[in-house]
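For reference, the structure discussed in these notes is given below.
Chain lettering (A, B, C, D and E) follows the sequence in which the chains are written, and residue indices restart at 1 in each chain.
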Amino acid sequence: MQNLWIIPALPFAGFLINGIFGRKLPKALVSTIAILSVVLSFAWVLRVWLTAGDLAVAPLHEHHFTWIQSGTFNVGWDYMADKLTMIMLLVVTGIGSLIHIYATGYMAHEEGYYRFFAYLNLFMFFMLNLVLGGNFLLLFVGWEGVGLCSYLLIGFYFVKKSATTAGNKAFIVNRIGDFGFSLAMFLIVINFGSLDFGKVFAAAAGKPTGVLTAIALLLLLGAAGKSAQIPLYVWLPDAMEGPTPVSALIHAATMVTAGVYMCTRSAAIFTHAPLAMEAVALVGLATAVFAATIGMAQNDIKKVFAYSTVSQLGYMFLGVGVGAFSAGVWHLVTHAFFKALLFLGAGSVIHACHGEQDMRHMGGLKKYAPWTCLVLACASLAIAGFPGTSGFFSKDAILTAAYEHAPWMFWVGVFTAGMTAFYVWRAFWMTFWGDYKGHGHPHESPWSMLGPLVVLAVLSLGGGFFFNVPQILSGMFPLKEAGADEAMLMGISVAAGLAGIAISYFMYVMRPELPGKFASALGGVYTLVYNKYFVDEAYDAAVVSPVIQGSESLLWKIVDKGMIDGLVNGVGSQAQSMGGVLRRMQSGNIRSYATWILVGSVLLLIALGVSGGMTR
Amino acid sequence: MNLLDLVIALPAAGFVLALLLPRSQPQLSRLVTLAFSLVTFAVSLGLVTGFQSGMAGQQFVTNFIWIQSPEIHYHVGIDGLSLWLIILATFLTPIAILLSWNYIKDRQKEFFALLLLLEFGLVGVFASWDLFLFYVFWEVVLVPMYLLIGIWGHDRRIYAAVKFFLYTMVGSVLMLAAIIFLYTQAGTFDYAVILEQFSSGRISLTHTQETLLFLAFFLAFAIKVPLFPLHTWLPDAHVEAPSAGSLMLASVMLKMGTYGLVRFCLPMFPTAARENAGWIVTLAIIGIVYGALVAMVQPNMKKLVAYSSVSHLGFVVLGIFSFTQMGLDGAVYQMLNHGISTGALFLLVGFLYERRHSLEIADYGGVATVAPWLSILFLVTTLASIGLPTLNNFVGEFLVLQGTAQAHLSWTVFASLGVILSACYMLWMYQRVFFGETSEEVRHHVPDLNMREWACIVPLVVMMIWMGMYSQTFLPAVSETNAKILEQTRANAPLRVAAPSTSAGGQFHGR
Amino acid sequence: MAGNLPANFMPTSADMLRFLPETILTVAGTLMMVLDPLFARRLPRMFGHISIVAFLLAIMAAISANSVPGLAFSNLIGIDGFGTFFRVLLLVIGILSVLASYRYLEREKADTGEYHALLVFSIVGQCVMVTANDLIMIFIGLEISSIATYVLAGYLRDDKRNNESALKYFLLGSFATGFFLYGVAIAYGISGSTKLDEIRIALANPETSTMMVGVATALMFVGLAFKVSAAPFQMWAPDVYQGAPAPVSAFMATGPKAAAFAIFLRIFLTAFQSNSDSWEPLIWICALLSMTIGNFAALTQTNLKRMLAYSSIAHAGYILVAIAARSEIGTAAAMFYLAAYSLMNIGAFAVIIHMCGKGETNLRIEDLAGLAKRQPVTAAMLTVFLLSLIGVPLTGGFFGKFYIFQAALQSHLVWLTVLGLLNSAVAAYYYLRLMVMMYMHEPGEVSNNLEPLTPSLRAALILPAIGTFVLGVVPGVILTFAQSGAALVK
Amino acid sequence: MELILFSLFALVAIVCAVNMVLQSHPISSALSLVGVMGSLAVLYLLLGGEFIAMVQIIVYAGAVMVLFIFVIMLLNAGSEEVLKNRSLIAHLIGVPAILVLAGILVFFVQRGFPGMGNVKFGDFDGGSARAVGMSLFTNYLLPFEVTSVLILIAIVGAVVLARKEMD
Amino acid sequence: MNPLLQTMTGGVPTAFYLTLSAVLFAIGVAGFVLRRNIITVFMCIELMLNAVNLSFVTFANHHKQVSGHIFTFFVMVVAAAEAAVGLAIILTVFKNRQTLNIDEINTLKN
């Protein structure tokens, strides 16, 4: 028995302690509890990883208690762990611990310190549930739970309206995704009679393609919500309202990749639904390009990385979509390294510039914050796919698979890679080169923050070597032997990356006046891109305001108050007026009363007498 | 005189006793009623422990003839369906009393006494196994709630109270007609016997008769639920009622309707129920979406919660008329969930009202800064009511939707929209009330929870988590009963159709 | 048989026993007349006490008389469960009316002797009605009761409203009586007898012209429908009830009505049973009309007495539903309902008597405002009566309605039942208005300077309240008796 | 012979009755009512009701009508031309209703009793004072006694209502 | 059969009496509804009663029974009693209102 439950339990304990007593406890203690809980669960993960034997052959299963039972259907609170799980666990707990450590420094001077760490631990708990869950429903538990935590953490500065609004947006958009997810689950139960991964995937092969496609597409909708894919990506950029460690942990490294994990987990279903696979690939690709273009025109450093996250997630989906699940997961892992690093670095930059986020007011930081500069360079290299860095391997794996699937996808992917390299390095140059345009004196961050950065830097540089996911997962997703022209493809993608770096250097270091010119030259296109294609505005105009307006003026005021209540009250007033008529008959005059009696008796006489006459 | 009778009798006794107390010291009446309600709750827990799971029939039965002719029985008993609803009633009454502890200023003794009378009626409704008795309790509930709203309510209380009374009255008189008609057919009001006669085909109704009877019952229940478009009494009643009133109304009284549907409409008139399921479900779904949309734009917290109830109970009706085990289980479980979570919402809104004396969302904002615990508990409740997994509502909603999906996937698709929308209106309200800058009034008038309020809210929060995490405590009993009911809906249906309309059906023609 | 004496004309002791209650009352009434000049000044309350004692004795007499049921006085009267039920009911009504009158008479400084004497006498008349087996007795009883009531209605002779009420009641009443009498004449013409049982036999005979039977039915129906204030002959009721002294209105709305319904049942279910198929639809219509007119007209009333008058019209409608059922259970239902109705109605009027003040100045519904704060007991009692009038379970009103509609449904009067029940939902509205006033408004000056409940009025409130509950919770006590009585109507 | 008598007094009765309704002054109405009663008394005789006929004359035409006339005098009620009519209904609906009533009543009584023989004077003497008195004091003893209550009430009532206000 | 034919055989057809009574009754009703002087209205009631009495006596003759007469007798007694009370009521009304116009006695109404 590996007691997997300990893994989520530790952070949960941390959450409880900090959540309930945190306000009274000293910050030091709070942070120790928080960090300890995560680190310990990381340790436990390692222990399991080392002692658990070959998970590919015998995945771990733990049934704790029956959660829901109705008729023949039942869902247990089951944890299961195979290699995929373990990778996710390592990433989540590992990076989780790093970011916790980092946060102690970053949040040192914030209000509600304890609250922050409580939420963070809660997030870890749910994320680990998501990963460990042995059936769709338990996965869904984590799925919604992390959504909740992201809502809480985005709205951490709850006095800021923009923050809380962003939080709501995140939650609600995710709900739309979950709508798809839950429908998928209903279909699964109808067709498989269970939600256990084991049962479902075992039976998947036998089911009609139509059903599987429907399920897969609905799952994709869910994944798109969680992993910020078109059309539901809109929440992620706003999510940057949250503190930077949150952006790093939740909106870069772990939560947003849940979609990828879920698709990979349900590979058995997807592989039998080619149409859905195609959809996944297209969505991924489209998102990748789309987000990348936006990323090129942003000036808020976190926004840049946010869009880059969206785009990179698109990459992962591309990988999954073209059937290279392991590649997708690999990119997930490496991306976790360098994107976390990018965000944390950005955090340290912001920290250095006293909370300034606009890159146009930065620059020349390399002499004020050398370490930050260095680690960000590593990260940027990795994301640009510089040969040897972790990003290089994973991205390459995806692109190769894409090429085998459909060459044009490869080309688009490469082009995106170029753009990625461009905007990341654009950000890099704008931040560290040139001279400082901000206010105050920028300063290097404390070691509590730099420490994790360094670790991550090492990972994002070397992660590709000692973290060969396809190898690890070969048990689940057999490796393809390298195609003939792989070297060539590799070359092309690297070239694209380098080109991107070069162009950005040219434009932002050698000829800093160029970008402005470009912008004015491009004109309309530029404003379009700069404003993120007005997607938010479009959604607002097309969906949000009509719904609210309609509900307010039509449903509430007209239907509810006007029609239904009007009808009810109308009946009442009718009754009253009928009473009024009767009043007027009651004239008080004896003779008219007598007349009524007379009339009544005449009618009675006729009725009875005549009816009597009829009978005989 | 078994435990159940005790649970029924205690509140009544408390009611009388409280009325007899001297007007001079109201505190006494508070204590007495609280004591009674607590004892009742304790006793009712005995029902849980004594309840034998595994036998779907009634338990704790007491059955003796109350009125000779027409033969009317005092026949009470519980099964998995009524058990938890009774517990819900007994569980919430002490909380309601605590909630009103300081809030009620004038005529306290009457107020608290009426709460006990209400409890008496509610328990009775859920325990009755005699149609007449059921109707008696059904009406008994009406009066205290009418007075609670009308006397201790807010500005438009009278309009709300009368509206509430008349709405319910109209529905229930038709039900009375149906009950009497059944009596003329069956010669008894004893529900068990009537069911037996149905299933043995000794009563056989013509198709029209069955449909009309079904509709008569259904209307009464649908108004109580309330099912769109019969819901407009609810917002007024909630907004005008004192917090305790809203609490009991939303948490327990609305369940009378859904309970009636499961208990009576399905087993007695399966054919009609199945035939009419189509439009009923349509109304339920409209209610789900409509309620949510209207709730979204309410400026008043209680109204918002009220409309959210319309939406939530739409789920219950949906589950009931899916005629699937899961749907039914979910529906019943959802009754309890709604009782807990919406009850908690009204409780918390009540706390806010006691502080700020306003229900307008606009008058709040930034409460989280000054009252962190209040806002955290409110958040948990909010999350529960929008169906976050590991909290109670999720289990219910999931089962309902799953069950419905097994019946008609298209229904589920539309109903699930409600899940999205619920997040919209609840979170939006939460944001406007608790987040943002803290205004001066709020800063000064909104302290954090005090001990009494903790005592009120904590049990509910605990229940939310318990019911969300370990539904096995509650569901098995429910499932067994539901399985039986479903069995009846299947069993009775063919028999009725088979019954030769010439021989048996012919002699039952009303005009 | 003119000339030679019939064998059985000498009244036997059994005859005497069977007529004992009326005798007791008559004696008491006469006694009061004798004592009036002596004690009217000094002991005004004495007469009330006397009549209560008389009523109690009469109740015992009635019950003991029921132990030897049978015809008496050459079949002019017959003692059966039915008659006894109504006798006792009427006597109880008498007691309650007396209790309700004490304070009122004191307040109005009216002479008590004649008042109570008339009350007692009119109940004598009603007792004669309900036990009569012969149209002559019915007619005389009716007239005794009516004439006494005419006088009572105008008892405060200097009060314009009293005069008018008396005049209206008198003129229209005699007018209706004329019709009734003509009907009797024709019935006599057809059957050659005025005894109900003989008429029944004669009418059942296929030779008799059903046309004239119809005519007789119609004319008698007019008279009776007037007395029970059923639509379309209800118009006098609101004016008369409003104008008459409050205790008298209470009495008029219960005593004469109950008696009239008793003979209604007797005549139509025995004498005219043969052509019941032809009059049943008319009762159907009248029932519906009465319920609807009564309830809807009451919706807009502002005067308490008037509102109760309309409500009593509506309740007459409910009882007609029971008659339309034309079954034993229907009869029993009607009897039970009359009992419940009388209790709650007198109770409600007692509250009015309590609060109306000298000269009946406070009769507006608004005058009830805040009563629950000033006099919770009074308010609670009125609430009980109102809930019973609405028909909320655990009250006599509810069970009565329930029982009536059960009878109706067993006679397949489905639509009448549904309409009736919907009507009762409408009725709920105006009864609720009173509760709203008492509980949900702040006290007005009326309830602020309201005199405390006198013992007699307290009794007149609490006894009916208890009765209402008893009838609602353990209806068996009355029900079984009503059923046995109903069985005897033949 | 009988027919002539009947027609004569029937005519008188009807004429008086109509006159009573048409006369504007109550006194003349009262007098014509006396006329009606008188002629009815004769018809009673024809029908063999001697006793009733006598009572009709003595009690009715005598006592009761005198009482009426006394009251009319007492109140010196003038002719009612001055009184204005306040009930349209009575005329709009009343008049036709009355005509219908008269019509159907006549129709019914004529059709209702087919083959009722003739009234021949003297072939029924059950209306003699002896016969009536006999049955009044045997079979109809009870109502006879009970009427005393009626009379008593009438007296009390009249006294209560009509006496002068004391103190 | 033809009434005239009956007259040949002597006597008066019973139907004639009944018709007369019906007509008188109708006249009484007419008076009640149409006249405005209370006393006259009251007298119309007496007329109605008389009409009814005629029927009773006729039927008594037809059935060769005394009970009809008895009934008539009691009707007369009642009529007398009613007259006493009725006139007393009229007196009080007149005392308070100085009018006998039935149309002016209409203060009690909605």
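Heads up, the rule we're going with is that a contact is a pair of C-beta atoms (placed from the backbone, for glycine too) under 8 Å apart; a residue touches a chain by one contact, two chains touch by 3 or more.
The model shown is predicted, which means the values in this text are computed figures rather than measured ones.
Student: Could you tell me which chains are in contact with chain A and with chain B alike?
Tutor: Chains that touch both chain A and chain B, as defined above, are C.
Student: Listed by label, which chains are in contact with chain C and with chain E?
Tutor: Shared contacts of chain C and chain E: A, D.
Student: Averaging the CA atoms per chain, pick out the one whose centre lands closest to the mean of every protein CA shown.
Tutor: If one averages C-alpha positions chain by chain, the most central is B.
Student: What chain lies farthest away from chain E once each centre is taken as the mean of the Cα atoms?
Tutor: Max centre-to-centre separation from chain E belongs to A.
Student: Given the two chain pairs A-E and C-D, which is bridged by the higher number of C-beta pairs in contact?
Tutor: C-D
Student: Which chain's C-alpha centroid is most distant from that of chain D?
Tutor: A
Student: Report the inter-chain centroid distance for chain A and chain D in whole angstrom, where each centroid is the mean of the CA atoms.
Tutor: 102
Student: Could you please state the distance in Å, as a whole number, between where the Cα atoms of chain A are centred and where those of chain C are centred?
Tutor: Chain centroid spacing, chain A to chain C, equals 78 Å.
Student: Would you kindly tell me how far, in whole Å, the mean C-alpha position of chain E lies from that of chain D?
Tutor: Here the centre of chain E sits 5 Å away from the centre of chain D.
Student: Hey, how far is the Cα centre of chain B from the one of chain D, in Å?
Tutor: Between these chains, centre-to-centre, one finds 70 Å.
Student: Residues of chain E that touch two or more other chains: which are they?
Tutor: In chain E, the residues touching two or more other chains are 18, 25, 28-29, 32-34, 36, 41-42, 58, 62, 65-67, 70, 74, 78, 81-82, 85, 88-90, 92, 102-103, 105-110.
Student: By residue number and range, which residues of chain A touch two or more other chains?
Tutor: Those would be 583, 586-591, 594-596, 598-599, 601, 605, 609, 613.
Student: What residues in chain D touch two or more of the other chains?
Tutor: Correct list: 86-87, 90, 94, 97-98, 101, 105, 108-109, 111, 113, 126, 131, 135, 140, 143, 147, 150, 153-154, 157, 160-161.
Student: Which two-chain combinations qualify as touching?
Tutor: Chain pairs that touch: A-B, A-C, A-D, A-E, B-C, C-D, C-E, D-E.
Student: Going by the contact rule at the top, pick out the chain D residues touching chain A in the complex.
Tutor: Answer in residue numbers: 86-87, 89-90, 93-94, 97-98, 100-101, 104-105, 108, 111.
Student: Given the complex with chain E, which residues does chain D contribute to the contact?
Tutor: 2-3, 6, 10, 13-14, 17-18, 20-21, 26, 29-30, 33, 36-37, 40, 43-44, 46-49, 51-52, 55-56, 59-60, 63-64, 67-68, 71-72, 74-75, 77, 80, 83-87, 90-91, 94-95, 97-98, 101-102, 105-106, 108-110, 113, 115-121, 124, 126-127, 131-132, 135-136, 140, 143, 147, 150-151, 153-155, 157-158, 160-162
Student: Along chain C, where are the residues that touch chain B in the complex?
Tutor: Against chain B, chain C makes touches at 373, 376, 387, 392-394, 398, 402-403, 405-406, 409-410, 412-415, 417-418, 421-422, 424-425, 428-429, 432, 435-436, 439-440, 474-476, 479-480, 483.
Student: Could you pull out which chain E residues touch chain A in their complex?
Tutor: Within the complex, chain E touches chain A at residues 29, 32-34, 36, 41, 102-103, 105-110.
Student: Give the list of chain C residues in touch with chain E in this complex.
Tutor: 1-2, 135-136, 139-140, 143, 147, 150-151, 154, 157-158, 160-161, 163-168, 170-171, 174-175, 178, 181-182, 184-186, 188-189, 192-194, 238-240, 242-243, 297, 300-301, 306
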